[in-house]
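Each chain gets a letter, A, B, C, D and E, in the order it is written, and its residues are counted from 1.
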Amino acid sequence: MNTTSLIVLLFAPLIGFLINVFFGRKMSKNLSGVVGTASVLLSFVITLLLFFSVKQPITLHLSEWFSIGKLAVNFDFVFDQLSILWLLFVTGIGTLIHIYSISYMHDDENMYKFFAYLNLFIFFMITLVAGSNLLIMFIGWEGVGLCSYLLIGFWYKNQDYNDAAKKAFIMNRIGDLGFLIGIFILGFATNTLEFSGIQQAIDVDGVVSTSGWYSIAAFCLFVGACGKSAQLPLYTWLPDAMAGPTPVSALIHAATMVTAGIFMITRMNFLFDIAPIVQNIIAVVGVTTALVAASIGLVQNDIKKVLAYSTVSQLGLMFLALGLGAYQVAVFHVITHAFFKACLFLGSGSVIHALHGEQDMRKMGGLRGSMKITYITFLIATLAIAGLPPFAGFWSKDEILLTAFHENKVLWVLATIASIMTAFYMFRLLYLTFFNEFRGTEEQKKHLHESPSLITFPLIVLAVLSALGGLISLPFGNSWLNHYLMPIFAHKEHAEHHLGATEYGLMAFAVLGALIGIGIAYNLYMKKKEVPTSDEVQGLHKVLSNKYYIDEIYMAIIVTPIYGLASFSKNFIEKYISKSVFGLGNVVSVLSIQGKKVQNGNVGFYLFAFVFSISAFLIYLFLIR
Amino acid sequence: MLEIVFYILSAITLGTAFLTVYSKNPIHSAIYLVVSFFSIAGHYLLFNAQFLAMVHIIVYAGAIMVLLLFTLMLMNLNKEDEVSKPIYIKFAAVFSAGILALVLISALKTAQPEMIEYVSSNEDYQSIKVLGKVLLNEYMVPFEFASVLLLVSMIGAVLISKKEEKI
Amino acid sequence: MNISIVLILLLAGAAFTFFAGNKFASKIALLVSVASFVFTLYALNLYLNGADLSCKSIWIQNPKIYFSLAVDGLSLAMLLLTTGLLPLIILSGWVTKFENEKAIYSLVLFMAFAMAGTFLAADGLLYYVFWELALIPIYFIALLWGNGSLEERKNAILKFFIYTFGGSLFMLVAFVYLYQKAGSLEIESLYALALTETEKTWLFLAFFLAYAIKIPLIPFHTWQANTYSKAPAIGTMLLSGIMLKMGLYSVLRWQLPITDTAAKEFMPYILGVSIAGVIYGAVLTLRQKNLKKLLAYSSLSHVGLIAAGLYSLTIEGFQGAVLQMLSHGLVIVGLFFVSEIIFNRWNTYTISEMGGIRSQATKFASFFMILVLASVAMPTTFNFVGEFTILYSLYNVNIGFAIVAGTTIILGAFYMLRMYQQTMLGETNTKVFADVTIVEGLVLLVIVVLVFFFGLYPKPIIELITPSLQNILNQIN
Amino acid sequence: MNTLIAIVGLGVFCLVAEIFNFRKAIIPVSVIALLALFGLTITDNLPQVAGDYSNMIEETSFSKTFSSLFILLTALLLVLSNNVYKNTSKISDFISIKIFMLSGAIAMVSFNNMAMFFLGIEVLSIALYVLAGSHRLDIRSNEAGMKYFLMGSFASGILLFGIAMLYGATGTFDVPTLYDASISANTEYWFYIGVILITIGMLFKIAAVPFHFWAPDVYEGAPLIVTAFMSTFAKVVAMAAFFKLITILNSYMAYSYEIVILVISILSMTIGNIMALRQNSVKRILAFSGISHAGFLLMTLLNIGAAANNLLYYSASYALAGVAAFSVLIYVCKNEDDDKIDNFNGLAKRNPLMAVIMSLALLSMAGIPILSGFFAKLFLLNQVISAGFLVLAIVAIVNSMISVYYYFRVILAMYTKDSVKQEVEHGSEFYIVGIVAAVLLIVLGLFPDTILHLI
Amino acid sequence: MQSILEQVGIGNYIILSALLFCIGAFGILYRRNAIIMFMSIEIMLNAVNLLLVAFSTYHQDASGQVFVFFTMAVAAAEVAVGLAILVSIYRNIGNIDIDNLKNLKG
């Protein structure tokens, strides 16, 4: 591949962004959509070419950025297996979602902005993925956060959406601080920020001398990953982020951006490998997140919120895999998850589109009839996420469970519970949405329709991928994915699981678990036709409905104290400082006013003062001295 | 003998000076002051400075006192109409003047050189002739400058007293 | 060619502007400022080609004071900031209709003259003279063309004046003391001076008082918010964009090299104070109702970070601080201009009276957004390079400092986005908000372009400043 | 000597001019003559008069330079007087008395004999008593004259007592002999008492705390033009004479004496500044500011060997700033009953030039660069610190800080208040004097060397 | 002729004039009648004159006595001016009590 095409790959979305920003207002809506889509498509095509041609990593040196002290940072990019793989599904799904958006956002007056932001997002995502050092990655990292902010708050007239956007940005920034500190530690310890350089440095001296610092660095990077990938305790922004348009949720908050943390940890696997403590932390955080999010997902009524919690939960599973050192398994799940979760979101988008913005599942139902394609694709994706063979999700999730089983039984149990819950709430979602009779208004019912082909086309593609995505890494024999990613993890030997009785038993058990979950959902929502209400929930259900009160807790222990501190500072400290500084001035002023009384205009007094002073002088100079 | 004269004169000087300050009637004060001036002239005579004594009498008793008395008469102040001052002011006056005297005198006492015996050289230094020479040779410039001083005070006095006339 | 031409140009320009009359004042001022910028660029070119631009002649025989201007990368960078911002600031003044324009523009140019002199002076007294001289014009600018009730303004600005003036007087005493020791106030002889530890400690404190007030560091900052909010936008820009940097620059140029051991000794405490200022300023913004005050406190927070970079006594810290000075200068000028644009439309600085602007003024909203992002140090903006470097240097000193100071990226994002949300977003405001005019757009565009340009390509600046910073660091060690 | 003669001659001319009805010519001729004299004196080109008077008057660079300064100040103030005395019949009296006062001042800095000094100070004082009380119908002026007279005479008495003690210790009034006595080890102790008493007398004349009480009252009560003389000219003269006296009598001062000067300096600066903060009368503000400047000026005594030039510089800058300020003050208050700050309201709008002159004068007094007041303070600080009085330097700068407040009150009034008055033209004298003084302030600030090496 | 100082000694004269001087000072402090205050000042000046003459004799030097002439001139001049001011005060307020002069203060 020549350099030009790489540059085109990098900058095509940026060009698309610039075109839309500067000329979007004057272009027709379709044109701006086409420009946006084409630019991403261009990147996708080049990535595809790359994918098929590249065997050795290619580096691309654009220019120098800055050098500080011993640290030199350049605009360098690396295209190796990991980044190409990521680019592939980022641009691929990105293209699909762009196509989808042309139709979905057609009624919005600011459509050109939407495409501009989407393109910008893709650009930053490419930067993140392809950057060859931590700081370029950080550009992308912050950049996607920014686009996420812009897109969540796309409908900026609604301040709640803006709040959600802000929250996403701030929480990401908390993680970013960790990321930065990690960068500092690594930069200071190795004098470079290039991945290859860090790797070499670690290989040379890491384990022996400064491994303590490396562990801390790894932990800091993990904090960054937590923010971006919505892990405990920084996950609460993701459900709120559903305020954005649905394609955004699909692209950013399900398929791509939120996997950046996983990408980063995978990228830095050599670092995490020498920090087992951090790995344990990751595993525990991951599984906890999976459980907590899944449990909250059980009782959500907003269709997108359910999907959001499911995303968090799935991300937790990926982190579990990372924590267990099974990076390629995590990557596998990232990819399959991208397929089916994007499909689910787009499907829900289609539903919402059909219902003119209605997101509450309690007001849906029975859409199976009027929205055939949406229903089928949705069903496939649901089966995939629930973990039923032979859909993609089954294979990837099963590998995670398998790894967990080998490493730690407790983790395995918890992860299994989480996946059972997943199966339950996904089918709950499915039943409430597509089965039984419609619970919305008559008005809505009249206008129920299947979405246009621009919407259904991506759905179909993604459904196919959800169904077949597992093929890239089947557990039987040498999986393609493991093989493909070998150079990334080359430094350590990889143990292929031999499929024995235990493994098959586990698979069966997993399927069984999923079926149990589905069964309960069927029982509740299909047979009993229950419609959840949020008014009179009790006990655990109430806790779950309120998401364990985590937002409230954060509010109480972080936000409120900060505001309190602000008020205290403003009303007390500021005033106090002001007073103490200028109080001196007031003292002088008072002295001045009082002093006027001494200057009383009486010559007699002046003469007394005169004589007294003379006496004092003489006493001092002649008598005391 | 001279010593006794000195003490008597000193007593008169201090006493009348004090009475000048102390007496309620301004006219009395003026009279006491004249007496005091005369006694000071007596001191000058003791120093054998006759010319100075004469000048002193002429200037002080003759000119300055007449001026003061004239003003007193002009303003009809020959009665005891000064408002009685609060006691603390009087006390403060006495106190601070006392302190000043005490300090000044004790300072001068400490400054007293060892009593070198005074030896008269019998050189003439204070006859009119000598004084005239000193005044008009050595001190010619200050002497002339004193005329500026007197001119200033004359112009000043006129300036203050004269009525403004528009031109 | 020597560098005094820039100073002469500015000074003559001030006079010329004044005598040109109200009608032409703004144009001539702009012309002069652009000319001075061009001259500065020319000087930069000469400097890079190795020319010696310094100028030195005896000014006062006894005490021995030189009129001595020296040029190195650092002072050129600061000069560039001054003359570069000046046209923008003057152009931004075009938006507002001032009473007696000739006076205000000539004061602005005069102030630029004094500030440029501060950055160039290589003799302690000359430096001090310029330093103080800069106070007078800003005092009058803020007093005569400021906003808010006159009574409050008078007090606030007088406090500012007395406060900063008082602080600098301690610096004057320090200089006089140094003169006694060195027999000259030339910077080389001061650098070469051997002082005892005690002397250095006291000198350090005297300098610190002057600079801490000027920068300002907590707890010496109480003048800042009031003055910023009372001064007219043009004055606020001068204050925040350039004048703050005088203090920071002086720390680097005068305080640290002269009082090296004391600086090392005090480093942890001053870092603590600076970083506390970072958080304190950020927290305070959350309760501000006035947009300019909010920006003032954000500035407090940012300069705290810059000061921390300086006092970290590392080359990274110095580099980062200088970069951040430049970028902060650009961005804060832009932000204050934004607040001025809103004020011109709606005659208010109160945040609660704003909102719903974005839907009416897209371009304006975009510029504002970019400035906000730059202010919170998004990567690819100039500010990121500076902030990253400073935090990195703080990490070199102590990880704790880096973490605590690093909260600025969280808190900064919090208050800036909150501010943006409250001022710009929400339902379309019932009041009409016209989008930016050509002049406004030009100013903002230049700022934005520069912010991105140097964000992506800070290398020339780093290369310009690094040798002189290395010299200073060598002097300290 | 010749300067003195010329000036006395000029004074006499003024008196004579009235007789021949040359009233209109008095001020122009005097000013031109004074300016000529200024040039001749400072360039040392005055034709010599036959005769040797060196035992009474010495002509050193100190005396010449300060005489020139006094002549210049008088000339400027006389220009100001033109407008004030335009319509009075007493113009020749006023002008001649001022010129005689100048002769007293010159005697005070060029004396070579204590008699000359004493007469000089008395000429100056008596002239000032007269001038202070010269508004004969205004009780405030009378009161000022009376207060000044009573306290001034008292101070003269003390001064005289001190001179007598000097004489007692040495038997001579001759300055060189006194100087020899002062550095000789076996001088009698009376000498020292004399020095102290003279010091007290001079502290009174320069209005240093605690002998300052007269100053605000007298300044306020005296007619404006006289206040201008007192606060600029008289203060500088007294300080120069004091400085010269101390160089003669006490150049190797004892530690305890230094302490006294130090304490007085600190007290004067501090009390002067604090008292000035809350005054409403501009004259009083300037009076108290003058007291604080007296404190600054006293610092020169602490390093007396190297301070003559600093004293000259400080005196010049202070006096010029005062002249500039008074030119505006007189301009503003010409038709007013009082001199409250309120009179300055809106001056910047009514008359920007005057406002700028006033601002420059006040800023100079406050010690803002590039005006000469800054350098004056700087040189003083330099000198004080080199003498080891760091504490004094710090007190001085704290005081500078305080002083900004009240100087800026006037500036604020000019620039921020609205005027209720209509602008009336008052004549060009004010502009001439104000501009000349302000320009000199800036020039002296830009090129301190011009006068810094005259002595 | 025998000089007085051979018998009395200079110290006594110094004390005498110091006392006289202090009486003058006392008068100024004690009285509020302006004319009496003038007189007090005259007493002070006379004390100095006496001192000068004593020292003149002590040093057997004429300049002290010459100085006395100047002092007298000064005294005369001061009285003249003082009285002029006093008269105008009297014309304005009808008395000469110093305590009535309190317009200027603060």
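In the analysis below, a contact is a pair of C-beta atoms (placed from the backbone, for glycine too) under 8 Å apart; a residue touches a chain by one contact, two chains touch by 3 or more.
Given the structure is predicted, the values throughout are model-derived calculations rather than measurements.
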item	value
Joint neighbours of chain D and chain C, given as chain labels	A
Maximum inter-chain contact count - chain pair	B-E
Most distant chain from chain C, judged by the mean position of its C-alpha atoms	B
Per-chain Cα centre nearest the global Cα centre, belonging to chain	C
Reference chain D; chain at largest CA-centroid distance	A
Distance from chain D to chain B - Cα centre to Cα centre, in angstrom	31
Chain B and chain C, separation of their C-alpha mean positions in angstrom	71
Between chain A and chain E, centroid-to-centroid distance (C-alpha), Å	98
Separation of mean Cα positions, chain C and chain A [Å, integer]	37
Junction residues of chain B, two or more chains touched	92-93, 96-97, 100, 104, 107-108, 110-112, 138-139, 142, 146, 149, 152-153, 156-161
Residues of chain C whose C-beta touches two or more other chains	162
Per-residue multi-chain contacts in chain A, two or more chains	585, 596, 599, 601, 603-604, 607-608, 611-612, 614, 618, 622
Those chain pairs that satisfy the touch definition	A-B, A-C, A-D, A-E, B-D, B-E, C-D, D-E
Chain D residues within the chain E interface of the complex	114-115, 118-119, 122, 126, 129-130, 133, 136-137, 139-140, 142-147, 149-150, 153-154, 156-157, 160-161, 163-165, 167-168, 171-173, 216-218, 220-221, 279, 284
Of chain D, residues touching chain A in the complex	146-147, 150-151, 154-155, 158, 193, 196, 200, 204, 210-211, 213-214, 216-217, 256-257, 260, 271, 274-278, 402, 405
For the chain A and chain D complex, residues of the former touching the latter	585, 588-589, 591-593, 595-596, 599, 601, 603, 605-607, 609-610, 612-614, 617-618, 620-622, 625
Residues of chain A defined as touching chain E within the complex	596, 599-604, 607-608, 611
Residue ranges of chain A touching chain B (in the complex, touch as defined)	604, 608, 611-612, 614-615, 618-619, 622-623
